[in-house]
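Dropping the structures in below, format is structure tokens.
The same chain A turns up in both complexes below, where it pairs with chain B and then with chain C.
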Partner chain A sequence: MSTETDGSFVDGLEDIERKRLYGRLFVAVCFASTLVGVVALVALLADVLYESWGWVSWEFLTYPPSQAVENFLPGGRGAGIYPALVGSIFLIALTAVFTVFLGVGAAIYLEEYAAESRLKSFVEANIANLAGVPSIVYGLLGLAIFVRWFQLGASLIAGALTLTLLILPIVIVSSQEALRAVPDSQRQAAYGVGATKWQVIRDVVLPRALPGIMTGTILSLSRAIGETAPILMVGASTSLFVAPDGLTSPFSAMPMTIFEWATLPEAEFQHIAAAGIVVLLTILLLMNATAILIRNRYDPRS
Partner chain B sequence: MSVDPGITAATSAVEDRKNDLVRYVFASCALVTVLTTAAIVLVLLEGAVAFFRFPDVTVLEYLRGTEWSPVIRPRSYGVLPLIWGTLVITVGSALVAIPVGTATAIYLSEYADPDVRKYLKPTLEVLAGIPTIVYGFFALSFITPIIQRLFPQTGTFNAAAGAIVVGVMIIPMVSSLSEDAMSAVPDSLRNAAYGLGATKVEVSTRVVLPAALSGIVASYILALSRAIGETMAVTLAVGMTPRITANPLESMQTMTAYMVQIGISDVSVGSIGYQSLFAVGLTLFAMTLAMNLISLWIRSRYREEYQ
Partner chain C sequence: METDRARLASRGGEDPDRRTASDRDRRSGTPRAEEPVIESRDLSVFYGEEQALQGIDMSIPERRVTALIGPSGCGKSTFLRSINRMNDLIDVARVEGELYFHGKNVYDDDVDPVALRRKIGMVFQKPNPFPKSIFDNVAYGLRVQGKDDDVERKVRTALERAALLDEVEDRLDESGLDLSGGQQQRLCIARAIAPDPEVILMDEPASALDPVATSQIEDLVEELAREYTVVIVTHNMQQAARISDKTAVFLTGGYLAEFDDTSKIFENPQNQRVEDYITGKFG
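Showing the complex of A and B:
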């Protein structure tokens, strides 16, 4: 504290009045700032809902996209987001398989096996840094390694592997936290009755950490499903009329299709893009709700 | 953490081998993260080197040139317009997110009722979970029309709308991380200041804020690093016109938006357009890596530890 402040602690009545006013003003400014974020969120959701009103229909969910606006309208031939919707679901399902295996495996190694050492802190610092790498750089990585080097082409599996590397750091960190929350006494008890290390992990640690691991993984996957830049670099298609039917088939995904629609000049496509966003946000909401449900159901702390 | 059971002699050789195998499987999972970093660096370096091997591309021109047009003739290879676009968005979003985020953190940490905070904090964090493509749409359909009403000369694509939506997007990074840092300041410091007759404002701004400063500054840098790497929102809102201009109502192009532009066009592998992706990607990666390391360093170097 500066000496200037010390002097001001001895005040007259006017000073106290002035300070009170200043205090109220300060709270008002801070509260207003808090509202900025809340208002922006409400405005964003309201804008999307308003723009999409009347454009989300059963046909929108079950038909392939079209260049002609009238096909999207009620009574039209039917057009929508179907191939991208299925593409996104396949993409996330594949990503989930890869990330659960790699992410939980790495977390188990770091928490249960690795001794406190320079190597361990290096690996952990590296994971923290990976979490800060822009997603489009992962796209370049996927393009060079999976699409070109492994010759997977612009395929579903190349997209899923790229998204896996993108969310791996977040899954590892949240899984580590879940493993750390398992009390050590439980491990000791299992060792005490003669269990091996692997048995302790498989039968004692993992079951207890599972809800935490699942919550973290679902939240990371909900980030992956909204990512556009990485799959764009990998070569996700903007105009695909069929859903992907195999690991190496070309694919589209909802964010890609929304991007395509948002860049089209016709004003109606703004509404169609908004309709696509409503579908994407609904799926995000469902994933987040599942994660929160799991947390509240199993978390002993809440 | 790890406890040697000390009963390995009793377990069978099969169990032993299984344990070793499991250990290697898990270790290789952790190894993937190290390989990822190595692969990112190698891929970017290799691609960038191939870019600079093209006859009329020089590193000097890349770093100092003020015209960027590697695909369309007349070609020029100065990356500064892209860096300028990125800088405008980053500084603009900081002007939004730093004051708003810091004031939000002060309110949540020092003033808000715990029950209110319990709902406000997750609500704000929803902002960080919304896909960035949605922010791009929001900029085009909501923010830009408002700016156009205020300044009729504003283009459909403009830097101001991009900076505003990116700013909103990173508010929760600033507010949540700063609030964590402020909440970690022990009450004894606050009470000591109250005991000296300080008002609540003085406690918040002259005791809590300085005590939590390392965490707060780290959150700023992390948020800015996120703004630099932000892609879809700025591609949609700011456009694809690489140029150096001080007018935020004009279209510009960020490094990330350029990469998207090449990504959706049909450039052939090995062409100069394809290779320029990696040079720009390397530049972007170097900038965000530097900022992440600085943030990490500030947090570890200047952290005040309280019991």
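Showing the complex of A and C:
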């Protein structure tokens, strides 16, 4: 490779060549790994889009489900995912309210107020562990606490509280990280002109950490919207014909309805399930896009 | 006497006659009774088990520039932070002894560190403007202190005193982060003086700046000493010689080796190790 031929640094060139070869091999392996992920995602999207082609319509979004295939067809009475769509949106909106208050509150307390202590490390370690607990366990917990003990029944609010429990650990940890990333020099600047702790947190720390907190929260919520197991445990319906109209009304959610359709024998229901998946994925992608937008737009450093 | 300081000053590549006559008058003119505004007595600071300051006794005169110099890690920043209780923010830091501000020990139980910091402003080593507009940066101290009547005028006055107004007058609503490093530091000085504190603490305010920006800050410090008591940490001995009235030399381990008029420290230090340090034999 080199045109230099004299000098002692020419010795050992072979060794460098060999190391370079390893380097290229490594790049190839990494590239292949990336490719697997991208190809799998594209294949999945292509398959779902292909399966659902022609089945997603305005009627599909605005009508309750039906057991009869012909109701889903153009010219039929109209059938779709409406109650589950509304159920999912309400569920996520409620979950968002609960997690923002509880998650951000806990993160601020742990990061800004709690003194370093064994207890604090213990609590933090356990929050991190909770993030790894399978979602069905949260479903059982929700069933025991919210449905039975609080006697909320199989209601929207019980589902939202259960999903809140599920994503709370992730929201707390990611919010703590966002708070920790606020440079100390910024806090000192505020303390230096005689700000109180509350003023420092309100004026300097929170604005600076907010994009990070929002991003983490929205990404957690988009995980929650696709969860099936926990809301199944608290008793969400698979096929409900009316949208929920209050905190305590029974509810359905998109993953439940999609699952129900996928188990039906008629071949057309595979297409209808795919149409449901397209609606779910669209909402998911919109949420994630919002998170990215917030991260890029409201980052005070840029 | 003065020539020696001038010689020291010129070593730094600065014009020795840069100081105006009135500057000199303020210093060498009619001596007024120098009331110490800040007085430390047997002040020790610990970080955990580590002792960073060893029983410091020092009296800092009002409306003068007091420079703190010494090798890295000798406790200059620690001493500075103990004046406005910024050490409170460090979990492991612990203070023993007394530090009087206008005769009141700031470590008494009934002293609110927030109220103290409203009297004693601070400027840090690295410029740290908020990601807000230039105007809001300067106004921040006024707002948190509830002095937000007539903010417009106070902000302009502070920018003027910080010798920044001319450069930013027509872009007060642009981000403070868009300024150059030197401008950012003057912005931070404006932010510190806007609520009109009595004392301004500066921790190596020019060490991250180029020579031109540095000399602007130096001019500013001398100017500020007409109205404020300034305590400034610096690594640069020529800078201390140029701008300060009193100099405290700390030595490794957290000892205050000598504290006296700047001219005395630089021309006739009493302590051999201080002399070695000043003549560049170590540090």
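The definition used in the following text is that the second predicted complex is superposed on the first by the 264 of 302 C-alpha atoms of A that agree within 3 Å, B and C clash if a C-alpha of one lies under 4 Å from a C-alpha of the other, contacts with A are read in each partner's own complex, and residues count from 1 in each chain.
The rule is short, and it goes like this: a residue touches a chain if its C-beta (ideal position, glycine included) is under 8 Å from a C-beta of that chain, and two chains touch if they have at least 3 such contacts.
Remember, predicted model here, so these are calculated numbers, not experimental data.
Trainee: Let me test your reading of the model: by the given contact rule, A:Val86 touches which partner, first (chain B), second (chain C), both or neither?
Mentor: neither
Trainee: Touch check for A:Ala154: first (chain B), second (chain C), both, or neither?
Mentor: neither
Trainee: Go through the superposed model and pick first if A:Ala96 touches only chain B, second if only chain C, both, or neither.
Mentor: Neither chain B nor chain C is touched by A:Ala96.
Trainee: In the superposed arrangement, does A:Val278 touch chain B (first), chain C (second), both or neither?
Mentor: neither
Trainee: Give one of first, second, both or neither to describe whether A:Val123 is in contact with chain B, with chain C, with both, or with none.
Mentor: After superposition on chain A, A:Val123 lies in contact with chain B alone.
Trainee: If we overlay the two complexes on their shared chain A, which of chain B and chain C does A:Gly194 touch? Say first, second, both or neither.
Mentor: It touches chain B and chain C both.
Trainee: Which partner chains sit in contact with A:Val171 here, chain B, chain C, both or neither? Use first/second/both/neither.
Mentor: neither
Trainee: After the superposition on A, what does A:Ile108 contact: first (chain B), second (chain C), both or neither?
Mentor: First partner only, chain B.
Trainee: If you count the residues of chain A that each partner touches, which comes out higher, chain B or chain C?
Mentor: B
Trainee: Does the superposition put A:Ile145 against chain B (first), chain C (second), both, or neither?
Mentor: The answer is first: A:Ile145 touches chain B but not chain C.
Trainee: Please report the chain A residues shared by its interface with chain B and its interface with chain C.
Mentor: Common to the two interfaces on chain A: residues 115, 187-188, 191, 194-196.
Trainee: Can you tell me which positions in chain A touch chain B when the two form their complex?
Mentor: That would be residues 1, 5-6, 9, 19, 22-23, 26-27, 29-34, 36-38, 40-41, 43-44, 47-48, 51, 101-106, 108-115, 123, 125-130, 132-141, 143-145, 148, 165, 168-169, 172, 184, 187-188, 191, 194-198, 201, 222-223, 225-229, 232-233, 235, 238, 255, 258-259, 262-263, 270, 273-274, 277, 280-281, 284, 288 of chain A.
Trainee: Tell me, which parts of chain B touch chain A in their complex?
Mentor: Counting only chain B, the residues touching chain A are 1-3, 5, 7-8, 10-11, 15, 18-19, 22-23, 25-30, 32-34, 36-37, 39-40, 43-44, 46-47, 99-104, 106-108, 111-112, 120, 123-124, 126-127, 129-138, 140-142, 168, 171-172, 175, 193, 196-202, 204-207, 222, 225-226, 228-232, 236, 256, 259-260, 263-264, 269, 277-278, 281, 284-285, 288-289, 291-293, 296.
Trainee: Considering the complex alone, what residue numbers of chain C touch chain A?
Mentor: For this pair, the touching residues of chain C are 84, 86, 89, 91, 114-115, 117-118, 121-124, 126, 128-131, 140-141, 144-145, 177, 188, 191-192, 194-195.
Trainee: Going by the contact rule set out above, which residues of chain A touch chain C in the complex?
Mentor: 115-116, 183, 185-196, 199, 203-204, 207-208, 300-301
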